[in-house]
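Labels A, B, C and D are assigned to the chains in the order they are written; within every chain, residues are numbered from 1.
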Amino acid sequence: MQKTIIEIVDNLNVDGVYKELTDPKSGGICVFVGTVRDFTNNEEVVSLEFETYKAMALKEMQKIVDQAMVKWNLNKVVMRHAVGVKEVEEPVVIIGVSSGHRDACFAACRFMIDTLKETVPIWKKEVFKNKTVWVSAHP
Amino acid sequence: MQKTIIEIVDNLNVDGVYKELTDPKSGGICVFVGTVRDFTNNEEVVSLEFETYKAMALKEMQKIVDQAMVKWNLNKVVMRHAVGVKEVEEPVVIIGVSSGHRDACFAACRFMIDTLKETVPIWKKEVFKNKTVWVSAHP
Amino acid sequence: MELLLFGIAKDIVGKSNIDLSQTSALPNSVADIKVYLTKEYPDFLKLSSFAVAVNSEYATDDIILKDDDEIAIIPPVSGG
Amino acid sequence: MELLLFGIAKDIVGKSNIDLSQTSALPNSVADIKVYLTKEYPDFLKLSSFAVAVNSEYATDDIILKDDDEIAIIPPVSGG
């Protein structure tokens, strides 16, 4: 089993991720799944639409994973983001980390989702009943 | 689907946990899985054996979950611990948290595993090739 | 009055429960239980600590015991 | 020299790429790209910010462009 998996996919399979992260040297596995929430600022969300500059996004994801692997001495990492239309309750991103002790997997998992949101060229459009909004585009 | 699941079981099914945690009000799901590591202090581990005072353990687990639900306003929680003999790479505990935003699910998940390790009457015996050790029993 | 034993406490005593009604003087409080155990089984003094639960709740030393209480010795826990 | 557009940048320009060789003066640097865009499409000035990537790496304003570079406009990202 490879140590790191970095992917942009149309559909996320969350259940398979645990198998990708088990490791005899690991005592802790931390998985974060970002999902589509039904309301944003009291407005009902119909769906989210994700698009990406894929070649660059994969490079930026790789940088984040490389940095975390070294900093926290991780055993395995999965970073997988979905693109396309996602409806309420559907998963859009999975960050999975497997490490010797739990401090490292919690800290690395949090670092990776926070940094992904800051640097990886993926864009999210919120679709409401009467309008669409590119998230974070405007001040 | 019930909001909280608290169980002590013989075998943990990790893959099913995501389904138990999805919620239309959730934007983040954080899952911690504790697994059996191959070495402790450079000694090869054959297996871990868990036993519990079940009636009391379930009460203490409930207290932790109740506290976290209120403090972080969580949508769903799963706390499930295994007992019996567990081999290297097998899961022994799952803490799953589903919340509106990721701050809450990370913080609550970490609080719950830390507190479980401090207060819930479950005992772990490390089985090495030539000896067994009740973890934390002696100074 | 029965005392439940778990983990290393079970190993120290050599069984999973003790019938306290067989002892010469019935313990009156949680503190008495601790005195009884460390006197009869000095290996309890070697533990990092141990707690007593009464009716499946952690109990402080001053708690007075009733005949039908479920009492348990809780050596240092190590779940997770 | 082609400019790739994503997210709101695509909406502002109305297409997913611009052929810069059709423009009157080819941009020389990343800074030139930003000047060109905000002049031709003033809605770029309303964005929180936007970055430019050259060959799929974030590029600073002083980077000089070559004819075969892949250039992309990166409006504020919002993955996760």
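Note that in this section a residue touches a chain if its C-beta (ideal position, glycine included) is under 8 Å from a C-beta of that chain, and two chains touch if they have at least 3 such contacts.
Because the structure is a prediction, the values reported are computed rather than measured.
Student: With centres defined by CA atoms only, which chain is the most remote from subunit A?
Tutor: C
Student: Mind checking the centre-to-centre distance between subunit C and subunit D? Centres are C-alpha means, answer in whole Å.
Tutor: About 73 Å, centre to centre.
Student: Give, as an integer number of Å, the spacing between the C-alpha centres of subunit D and subunit A.
Tutor: 26
Student: Between subunit A and subunit C, what distance separates the C-alpha centroids? Give it in angstrom.
Tutor: About 48 Å separates the centre of subunit A from that of subunit C.
Student: Quick check: what residues of subunit B touch more than one other chain, meaning two or more?
Tutor: Residues 34, 113 of subunit B each touch two or more of the other chains.
Student: In subunit C, what residues contact two or more other chains?
Tutor: Residues of subunit C never touch two or more of the other chains.
Student: Mind listing each pair of touching chains for me?
Tutor: Chains touch in the following pairs: A-B, A-D, B-C.
Student: Sort out for me which residues of subunit C touch subunit B in the complex.
Tutor: Those residues of subunit C that touch subunit B are 4, 6-8, 11, 46-48, 53, 56-58, 72, 74-80.
Student: Spell out the part of subunit B that touches subunit C in their complex, as residue ranges.
Tutor: 34, 50-53, 55-57, 59, 81, 92-93, 113, 116-125, 134-139
Student: Considering the complex alone, what residue numbers of subunit B touch subunit A?
Tutor: Residue list for subunit B touching subunit A: 14-16, 18-19, 22-39, 88-89, 91, 100, 102, 105-106, 109-110, 113.
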